[in-house]
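Pasting the structures in now, so scroll down.
In the two complexes below, chain A is the common chain; its partner is chain B in one and chain C in the other.
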Partner chain A sequence: MQKDLNKSAEIKLWISRIVVYAILIFLAFLCLFFFYLMIINSSRSNAQLKEGFTVIPGGHFLDNFYNAWHDGDINIPVGMKNSFIVAAASAVLTTYFSAMTAYGVYVYNFRLKHFVHIFILAIMMIPSQVSAVGFIQLAFQYNLTNKLWVLFVPSIAAPVVYFYMYQYLQATLPLEMVEAARIDGSSEFRIFNRIVLPIMKPAIAVQMIFSFVGSWNNYFMPSLLLNAADKKTVPIMIAQLRSADYSKFDMGKVYMLMLMAILPVMIIYIILSKSIIKGVTSGSVKG
Partner chain B sequence: MPKKKSISYAKWGYIFIAPFFLVYIIFTLYPQILTVYNSFFEYYRDGLTIVGPNFVGLKNYQTLFQANNAGYVPIIKFLGNTLWLWIIGAVPQFTVAMLLALFFTSTRLNIKGQQFFKTVIYMPNLIMASAFSMLFFALFSQVGPINQLLVANGWASQPINFLGMRVTVQTLIGIMNFLMWFGNTTILLMAGIQSIDEALFESARLDGSTSTQVFFHITMPLLMPIFIYVFITSMIGGIQMFDVPQVLTNGYGIPDNTSTTLIMYLNNFLGISKNYGMAGAVSVLLFVITAVLSSIVFKTINKK
Partner chain C sequence: MAEVVLKNIKKVYPILDKPKKGLFKSKEDTKEHRKHNLQITDEGVVAVQEFSLDIKDKEFIVLVGPSGCGKSTTLRMIAGLEEISGGELYIDGNLVNSVEPKDRDIAMVFQSYALYPHMTVYDNMAYSLRIQKLSKEEIDRKVREAAEILDITQYLDRKPKALSGGQRQRVAIGRAIVRDPKVLLMDEPLSNLDAKLRNQMRAEIIKLRKRINTTFVYVTHDQTEAMTLGDRIVVMKDGYIQQIGSPQEVFDHPANLFVAGFIGTPQMNFFDAKLLKKADGYYVNVEGMEVKLSEEKQERLKAHDVKEQEVTLGIRPEHITLAEEGIEGMIDVSELMGSSCHLHMTVEGKDVIVIVPTEGDASEYMGRKVKLSFSGRHAHIFSKEDEKNLEY
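Up next is the complex of A and B:
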């Protein structure tokens, strides 16, 4: 009797396991399928693409790559270069200065200390689009359109990154360590750059990745500020594909351009997926 | 009391936070103030002439809400669109994420290959939204592979105009938002469930509670603060929805503005017309909505 009960419970468990794995595999398939199609289609010629649907590669990957790289309207090498400049500069600036601000608030005692902390937390949720109108107006007024630095300098003030860095400092930096360094005669900046920054490396790495990816994918502000062909970033060029007369396009090239747009982030993700997934939770939800 | 007089380091605090605040004031705060200021002015470009700035009080806000005033569509429509487009993505997103979070944390099921599944389902979150949207456009267009498949197998007599019908456009946007966000939500909810004391589950199981009972009486109540946090942040993100519908519909919110979101509407005012007055009013509205939602988040965090 007891044995039968155990057996039926075991069967039940196995059935639920099978159902769960089936659901997981289906969702994983769904996530990968569209990208698989993108890659397959970027290896097919326009004529092959017109023939019909298939999941087998077409053998024109390099042709499409050559055509996409040398396209007359959409200068993807320049776009990728611009995107890279903005994304890399944003990643460096936002992490360095957020760490610096968090350190300033965490370590030093000054009258506005608590006000500053609460203030930054309060502005954290304000969407960036709220400042967009004034920002655009000023950019046009002072001739700051088509300047890449206008896109990455504002990332110095990033409340979300500040919050993350502050939490990290709270968890990892003993104040005695700062005291000890002072007794050794290190200057305040030296203590921050030589002792604190190395401790914060893991936090900086995670935020650099998120900042780079966010900036690489950013479309709204760049599209309003950049219109010169040699200043456009990748998302603007992708949106341009959509607005062009689509029926005349070599579709193999279009898929290839999309692939190029997402490839840098994909490579980063494949290498660093473990720490990226860890980073998703550590900043937002305090367990 | 030791006689040693400590050196005051207060000034260093200000020095370290100076760059952040300098940049914040110039590139964020001042533009924000300017945005609010603009919302009370008539200020736009008409061809080559610039109209304004003329102080008009609350007229921009009036125009925003009034029906058919000078060809304007009342903003309630775009607010409704944005909310609806968020909901059709968020309902499956939270349902699936909740289920997956329960699967992954279940010691009874003991799911293998979690790292792989998490890696795969989180991936769409990092993909450039505009490229993802362009991909969907290419796949679902009249001559795209999906239609080729449907016609070739006789499932449709002629290509379906996925991008011309309200239901299909909205569904595609919902699917994309779902795919982009369910992995993220899963990971966040999982972390929430894992932060619950394991002993509670253990004792419930020993008492003979079913998994449904455990879910409704232990997991859900204890997860609530985190669930609300994730839910409201998702909603704040939803209010800012732009890239996906913008690229999919080429900025037109086809058909007939049924997929035009709040930010797409804002974007239109910042294009050629440079209507800083109306754009300012839309931004203020956006700010008010997010402020209300954010205060809910802060309340739930503080309650914990």
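Up next is the complex of A and C:
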């Protein structure tokens, strides 16, 4: 009797494990399949790509790389550099200033404090495409096209990041710590930079990567504001390659450029992944 | 090492956002107001008022009172963390009402320790000295000296999360004393520790006080801490000072019913009684038993020309004895505390506690009817009208 019970429990455990693993494998497949597709396709020639999908890599990886790198219309190193400047600057500015705003609203008591908080949150409801129209008009009016800083300076105002930072501060920063630092003789700036920022490291890492990736992949704004060849970012270059006329069109090259474009993002994910997990789960358990 | 003088200090919290605007009202705000729900005027919520106190150089002052009585607010005003709404605050003879906390030369130990979690113990303690731009050698010497006093030298390289509660508290104290502050403020520093550690740290603070000559202002809601640590204690309630005096004074001569009930464990017993003025002096009549008051009490009552009246009589549990004749009571529960026994009984519908020496089996007391007696020397007479001690 006892043995039967144990056996049926074991069988149940095995079945549930098989089901769970099957679901996980399916989800992992969904996530990774497109990366695999891209890597395979980047190793195939344009003619091979027209024949349809195969799981076996082709032999044109280096050709595609050479063709993409030496394309007459686009300059990949310059595109990479431009993308990196915009993405890195956005990531740093967004996180630093959002953290500072969140700190200000969280720590200081002032009239209309809650109104300010709600107002910033209300901005989240406005789709970025709507506000973009006005911004682009402004940029054209003041001759601000083809300037990289125009792409990253507005990222200082990021209500979503602000909200995340505010929540994080609520969960992790006791006001007594700020007061202790004040009594220790710190100026308000020093308290923020030396005490609060290090405490917020996991939150900053998470938002930095989101912001970096968002900016790196952003096509909408750069495509409207950048048209000089030396100012283009990687997503514009990919689009440019894709829309090339029939005689020059090479899908292998496009896949190769996509692969190159996601490499920096992957590296950053790998470097910051520990902090991301920490940041995503922080505040969930009282520590 | 400084005098601290508080002159008629007042604290009013303005109501920042009007409560009616539901959308913009945060939960913390309402909580904050409820906590200090003492007196709401047009100006806002009054947390402390008419607070005047001269703290002498190197004195150990304890502010004690129940939650929300304004003791922490007073301490935070001395620290400069709260604006002073009215009155004057002097540290070492200088008016400091508007001086920034960092320029007041004070240090503070918080209830939650408030250590910087990303810094080691050493860096936590050195932080304020680095801001003062002291030389590396001097910082090192001071930090090690303070660590030595508090016996935390072996933890200097650890981060706060790797320390126990007691060790963290030592670091917090270390961070405060490393600067040789003029005034050391402590806001319920022991309330996060367990009972055993609390007793131990209390003794440590007494020792520490002997080693570092500075003025202490200590806030607690625990009257045992107040009694054991303070040179003088300030009992507060609803933002007002109730009594200032040495622990012995406050215990022996409570100024009013609140102080009498708050100081001393178990709490003082109160009876409805009548104060009688006879030819040979004052008597107190409780439940039909008449007790003549002691000579010194007679003199004090006479000096104030106290009339016959209904009063509240207070007697501490340790001053009530079981006798042949006296007030009748029935023992409900007896608690054996070791050498003594606490008897909880009901007298005319009121709960009364009596402490008696343990003799034999404590459980034998349960359910017994006894008679209680007390001496006129230990009776505290409070007015029914304003609850003040009629002797003062």
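By our rule, the second predicted complex is superposed on the first by the 218 of 287 C-alpha atoms of A that agree within 3 Å, B and C clash if a C-alpha of one lies under 4 Å from a C-alpha of the other, contacts with A are read in each partner's own complex, and residues count from 1 in each chain.
Please note the rule applied: a contact is a pair of C-beta atoms (placed from the backbone, for glycine too) under 8 Å apart; a residue touches a chain by one contact, two chains touch by 3 or more.
Small disclaimer: the values here were computed from a predicted structure and weren't measured.
Chemist: With the two structures laid over each other on chain A, which partner does A:109 touch: chain B (first), chain C (second), both, or neither?
Modeler: both
Chemist: Under the stated touch criterion, which partner chain does A:52 make contact with: chain B (first), chain C (second), both, or neither?
Modeler: First partner only, chain B.
Chemist: Is A:118 in contact with chain B, with chain C, with both, or with neither (first, second, both, neither)?
Modeler: Touch status of A:118: second partner only.
Chemist: Could you say whether A:186 touches chain B, chain C, both of them, or neither, answering first, second, both or neither?
Modeler: Touch status of A:186: second partner only.
Chemist: Looking at A:198 after the superposition, I want to know if it touches chain B, chain C, both of them or none. Which is it: first, second, both, neither?
Modeler: A:198 sits against chain C, while chain B stays out of touch.
Chemist: I want to verify the contact counts: of chain B and chain C, which reaches more residues of chain A?
Modeler: Looking at chain A, the partner in contact with more of its residues is B.
Chemist: May I ask you to decide whether A:176 touches chain B, chain C, both, or neither, giving the answer as first, second, both or neither?
Modeler: A:176: touches chain C, not chain B.
Chemist: Which residues form the common part of the chain A surface touched by chain B and by chain C?
Modeler: 109-113
Chemist: Residue numbers of chain C touching chain A in their complex, please.
Modeler: 16-17, 23-26, 29, 79-81, 100-102, 106-108, 110-112, 114-118, 127-128, 131-132, 175
Chemist: Would you pull the chain A residues touching chain B in the complex into a rising list?
Modeler: Residues in contact with chain B: 13, 16-17, 20-21, 23-24, 27-28, 30-32, 34-35, 37-38, 41, 49-50, 52-53, 97-98, 100-101, 103-105, 107-113, 116, 123, 125-127, 129-138, 140, 153-154, 156-157, 162, 188, 192, 213, 216-217, 219-220, 224, 234-235, 238-239, 241-243, 246-247, 251, 254-255, 258, 261-262, 265-266, 269, 273-274, 276-277, 280-281, 284-285, 287.
Chemist: Which residues of chain A touch chain C in their complex?
Modeler: 109-115, 118, 174, 176-177, 179-186, 190, 195, 198-199, 201
Chemist: Would you tell me which residues of chain B are touching chain A in their complex?
Modeler: Chain B reaches chain A through residues 9-17, 19-21, 23-24, 27-35, 37-38, 96, 99-100, 103, 108-109, 111, 115-124, 126-139, 141, 143, 145-146, 148-149, 152, 179, 182-184, 187-188, 190-192, 194-195, 226, 229-230, 233, 236, 239-240, 242-243, 246-248, 250-251, 263, 266-267, 270-271, 274, 276, 279-280, 283-284, 286-287, 290-291, 293-294, 297.
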